[in-house]
Every structure is written in structure tokens, then in C-alpha cells.
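Each chain gets a letter, A, B, C and D, in the order it is written, and its residues are counted from 1.
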Amino acid sequence: MYPPSIQKLIDLFSKFPTIGPRTAARFVFYLMKISKEEIEELINSISNLKKTVKICSCCFNPFEGEGELCSICADSSRDKTLLCVIEKETDLFTLEKTKKYKGLYFILGGTVSKFKKEDIKKLRVDELIERIKNPQKFGIEISKFEEIILAINPTTEGEATILYLQRKLKPLGIKITRLGRGLPVGGELEYADEQTLGSAFEGRK
Amino acid sequence: MYPPSIQKLIDLFSKFPTIGPRTAARFVFYLMKISKEEIEELINSISNLKKTVKICSCCFNPFEGEGELCSICADSSRDKTLLCVIEKETDLFTLEKTKKYKGLYFILGGTVSKFKKEDIKKLRVDELIERIKNPQKFGIEISKFEEIILAINPTTEGEATILYLQRKLKPLGIKITRLGRGLPVGGELEYADEQTLGSAFEGRK
Amino acid sequence: MYPPSIQKLIDLFSKFPTIGPRTAARFVFYLMKISKEEIEELINSISNLKKTVKICSCCFNPFEGEGELCSICADSSRDKTLLCVIEKETDLFTLEKTKKYKGLYFILGGTVSKFKKEDIKKLRVDELIERIKNPQKFGIEISKFEEIILAINPTTEGEATILYLQRKLKPLGIKITRLGRGLPVGGELEYADEQTLGSAFEGRK
Amino acid sequence: MYPPSIQKLIDLFSKFPTIGPRTAARFVFYLMKISKEEIEELINSISNLKKTVKICSCCFNPFEGEGELCSICADSSRDKTLLCVIEKETDLFTLEKTKKYKGLYFILGGTVSKFKKEDIKKLRVDELIERIKNPQKFGIEISKFEEIILAINPTTEGEATILYLQRKLKPLGIKITRLGRGLPVGGELEYADEQTLGSAFEGRK
């Protein structure tokens, strides 16, 4: 019912994460309202993205600038014996904001619900193992990681992925940890599941 | 913390309706993952939007094609004595899907919470009055509208806007109606406010 | 795990509408905290309920006082030609608060999801037909109702019940109406289903 | 508007935790529908509650049976060197279900939002200190507790209460812990606050 060039753009925006056709339509009408200069700015920013932004050869974090490594991997003040495996780019941002972690990251690229070959192929598991086995080859000047932290969501999919990674990484003989489970800030015992409460008890301090 | 060209695009997407910085970041990482061809397609679609799409000189509905009028205003089978005033473009789409209305539309361009001059200026109130006074001047071949339907949301802002429009349109001497209020499909008496229930009673049939 | 007399009371409270075992447990611990006098008061109120409260012989509304009719059915200022069929007692209270209705009520006692004999038996359909056929027999001094309003929720179950009642009451030759559907106060076109919007359009005024 | 004896009972049920007048009304109409025998059973259960159930002289847990101590405090297989301070009775039930804790409990009786004298008086702080100082006096055959676990919700109120208890209990020279904070089962990094994530990192294992 929308004119074809509007419908076309609605279809493209509908592929954006979390966006359905209704919000996509609102995007299009928003674009029709803003100035030519703003449209230009948006188009240029999208167009420059792939030209300017590089992917870190060690952790797969997008970055701008010289060299092969992102600012975290290249930062000499970070603790390079710790490697934190995360699902996606935004999780890195979320964790950095806590200022509680000073090691390196590795962006896995997703999670899997089942151990299907095709699903697992989409994750950077082989790349992860390579980097753990030989960090120097990827520009990290240490002989060996001392701890691999699996900072994956404790959701059903995340748990399956953690299980898979634990199995795959175990033969490497490095300490593997996962985030502590417990009551979140603002949480209540009454509404917590038994496993969360059990973990909260075990992790008391 | 994000590289400048990523942060720039996050900022631009954050201006999109309903989008915060977190979702905006996910949009950027989505764009980094898709192919060059898909990026091209998106950029071309955005870029063509303002070139291809025209705004109907009568109802402000975006359209493609010949002439000054959109397909609804130009459709000889529509009842041109009915004018339905709506807030935004997507509402037109929503109402057309019901197939219960066969008249014309007018896109007001927003609602106001208070009767501030600056807020009201953003609405197309003068344009609406012009079209009601002289539909032929805008390509609608009737001598007079017989009913103006204010299909504005019965929210606080919508009610204020309806009140304002009723006052402004009254001197034109045309029947002005608003959408019937009542219980929506799936609604329950128990949770309905008194005004909704009262309207549902009055509108029984 | 709770002591038997606490568990017993949790089980009894769990049968109360909308109450699960967790809230039921909180009720019991609340009762353990309040004074003996307050417990007495509660027990007496529950115990007196069935002794003091009568059921109106016409509309099935609970009431206290002399005679066979509740205060609404006995009120000479109410419009006795209107009969409003409602699902449950609290709906009567909800509708009275709107002050938009001055007729009589009839409490159906539930709704049905399917037209199963056993389900329909639980509703007071026969009693309703009796009262419509012969209101004088039940103390209502009119010769005939002029309108039967089916004020049943427009939910799936409610719609099935309305359909059933329409079919059953049609042979009586009295005007049968139902509550107007439309957008509730605070509702938005964008999130309304097509049927609700269609009704809102048809019911405009 | 309801008859007095119904309104009276609505008022009494409205004092029950989490119950408003609407649900209270549904309770009353529920009671009007059930049999005399069921009413009797409910009244007897409420009436017997205070007669049958005792409060444990050590932990304030309600119990039935011989002696001064509840079944947990009297159970020789529990680890009596651990004392877990909880807000309310139902929390004990919730924690027991996890089967992760084998020590004793103490029911504090609430939480405080501010350190107002009147608010703090409602908590069993003095009773807690007494029991920690001299467990044998309350029937617990140990010379000293080894750990006091403050299993209070990490909500704003709970945190204030934990802070207050930590300050009051510190002079007793016993190890004081609190439940581990972290991501709950099913939680996502993306939606966790920085403090929860920081705790999850510190509590990794």
C-alpha cells in the first residue's frame, strides 16, 4: 500500500536488529522530514563505515587508526594474561563501563542453542583456540594466557555455548572461569529461581 | 569509547524515532556485518527517497507517480465528502487496513499537549482550514465536505488537539465527529476507566 | 515444609481467585501478626456473610435488608424497561460508578468459551429468559423490557457468550444491544486491532 | 455501594498483603459461592492458627509441636555455626528449597529504608544480637557462631538494612557475609547495571 520506494526502504529497515515493519515505517517518515543535509550526513556515515573501521586481528573488535590491533589489545597497561570471551561488540562496551576488568577481550560473534555444526561454524571458536594457543602470532606479547573468562549470558543459549566452549578449551590446560551468578542489584529472593539463589549462597562474601 | 566513525553513526541512529544509543549501536554492528551490496542498496534507497517520493498537495500523504495528488485523493471511487484528520502517515496505513473508511484523509503532522503558539505552529491547522474552505483549489471536485472526522488518539495530547481543532473548525459550519470510544476487542469492564465504560454504554447497539 | 496448620490455610487461600501459594503464604503470616481482636473480626465477618446477605430474586445481586429485591431492583427511580446482563457481581459495581446507566441488571454468573452443555448449565440463562418473559413474576412492575444490553467483555470467551445469548434471546422479540467497541481512553490507533478501529469508525459521533 | 457486611469484609481483605479493594471484592463473592462446609473449614483454620502454631524462641520461625525450638533449630544435623538472617518467613521457605544451605536462620521481621529509630524498632535487631552473643541461652548448643549471612534482598531498602546490620554486628567479632551478587539465570549482560556486572566479574569462578 505504501509507494514502492517507501516500501523498499521499510523492507530494508525491517532487517535491522529488533525492528519490525511498523517502526521501519516510522524511520522512513522520519527521513522524509529531516533536511537534505541530514540525509547526506547519514548516507556519508554509513558509506564511510566499512572504509574507516577495521577489525582487530586479535579480538575482532572494530576500531579506527593505525596497525592491526584495536586500542584495547594495543594498550600496554592492560593485563594481557586475562582473556574475556564475549558474545558481541556491544557487550565489550557494557563491560568496559564497569571499569572492573583490565584484561583483553575476544568477540565470539554469537551463541548457539544446539550443537549443530552449521550453527557452531558461525562462531569464532577456531579463531579463539588459535589465539589462546599462540597469542604472540596475533600481536599479544605474552607466552600464555592465565585465565579465560567466559562472559556469556546465563540464558539457555548462553549456557549451551559456555558448555561447548568449556569442552573445547579444556584440553588447552588454562584456567577457565565464568561470571558469578547471583541476585542482581534490586533483585528479590522471593522471585529468584533456585539455581540463582544457590549460586548467590555459594558466592557469598 | 567507540571509534569516532562508529560513534558518529550511533548518534545519527539515536535520533531515529524510538531508538536509544544501545539499539543504535546494534544497528551499526549490523551494518558492519552485511555485504557491500546490501550497504549500497540501503544508501541508494535512502538517497532516492526524497527524489522519488512527492507529498500530496491535498492531504500531505507521501506518494510516487504523476500529478499533484496521491492515489487516495485521485481515486474517483472514494467518498470525497468525508475528510478524516489523522496525526501521522502511519495512521493512514493503519486505518486503510480496516477497510471501513472510504473517504479522504488529511495528515495533521502531530499533536499538541498545550495550546502554546509554537507547538500549534508545527501542526498543519491553517492548511486544514484552507482545504476545508476550498477543496476544489486543491484538486478535490466537490463543493463542500459533509463531515470532518477527527481520528486522533484519545490520549491526553490527542484530546487537547481534538479540543483545539473542534474550536477552530466549528465556525466552518460542517459536521465534526470523532472516533467512537469504547472497550477494545479483548478488553475487560473491570479494568476500563469510567469514561471509556460510559462511552461504551452510550455507544451501544 | 510449612507446619500442617499453616499449610492447610495456605491451601485454602490458594483457592481464592487470583491467589497462588506464594501470596497465600503471605496471607497466613499476615494473620499470625495481627491481634486476636482482628482475627475475631475477620472470622465474624466471614461467618456473618451468608447469614446477613441475601441474593436478589430478580437480578442475583447480593444485598442486605427487607424483602426479596436488592436496592437497585426495588428502586422506583430506575428505568425498569432496560435490563443489563453482566458476567459477575463486581461488574455491577464497576458500571454503577460510571453513573451512565439507570436501568436494571442481571448477573449471568460467568462466561463460556465453548457451547458445551455442562459449561452453559453454569450460567443463569434459563433464569434470564424467565425474567425477560415475565418480569412481574419477579417483582418488576413493567409489562415488558424494551432493551436487553449484553454488557459482557469483548474477550474471546465474552464474544462466544454474547453470540449464544443473542441466539437464545432473539425469539423473545426484544431489542438486544451490546456495549460499543472503540478506542479506550488513552488508547492509540497504532496499537489497536482492525476490528476495534473499524468499530470506532462506525461508532463515531 | 456494597451492602455493609460485604463492604466490611472487603475492607478487612484489603488489609491483606498485596490486596486492593477490587481483588478483596472478588474474595467476598468467592466466599458467597462456596459451601457452608468450606466456609467452616476456612474459619476453623484461621481460628486454630494462633492456637496451634508457636514461634521458635531462637529464630522466630512459626512451627507446630513440642518444645521451644522449630524443626530447623532443633535438627541436630544442621550446621549450627552458621546463622542466616532473613527478612521474612517466606524467605526461609524459598531458601530451604534451594537445598544449598544447612545452617540456622533468624527472621528479622522486615527491612528499613532509613535509619529512623521508629522503623528500626520494628526489626528484631536486639533479639538478633542477643542470640549471637549467647546462642546457648536460646537452646543452640554451640559456643559461638562462625558466620552470620545477611540474606537480605539487594534492593534499596535491603541495602540500607544490610549496612545497618553490618555496623551493629561488627563489634561482635564474627565473620559477616552477604549473598553474592551477579547475573541471575536467564539474565543478559546488556540489561545488567554496572554494579551487578562488576560483582559478577569479581565473583567469577
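In the analysis below, contacts are C-beta pairs under 8 Å (C-beta built on N, C-alpha and C of every residue); 3 or more make two chains touch, one makes a residue touch a chain.
In this text the structure is predicted, and so the values were computed from the model without any measurement.
Shared contacts of chain C and chain D, meaning chains that touch the two of them, come down to nothing at all.
Chain centres here are means of the Cα atoms, and by that rule the chain farthest away from chain C is A.
Chain A and chain B have Cα centroids separated by 38 Å.
Remark: chain B and chain C have CA centroids separated by 39 Å (rounded to whole angstrom).
Annotation: 53 Å between the Cα-based centres of chain B and chain D. Residue positions 22, 90, 97, 190 of chain C each touch two or more of the other chains.
Inter-chain contacts occur between A-B, A-D, B-C, C-D. Every residue of chain B that touches chain C in the complex is listed here, in rising order: 86-87, 90-91, 94-95, 97-101, 149, 151, 153-156, 177-190, 192-205.
Looking at the complex, you find that chain D touches chain C at residues 1-6, 8-9, 12, 15-18, 22-23, 25-32, 36, 39, 41-43, 45-50, 52-53, 62-65, 88-90, 93, 96-97.
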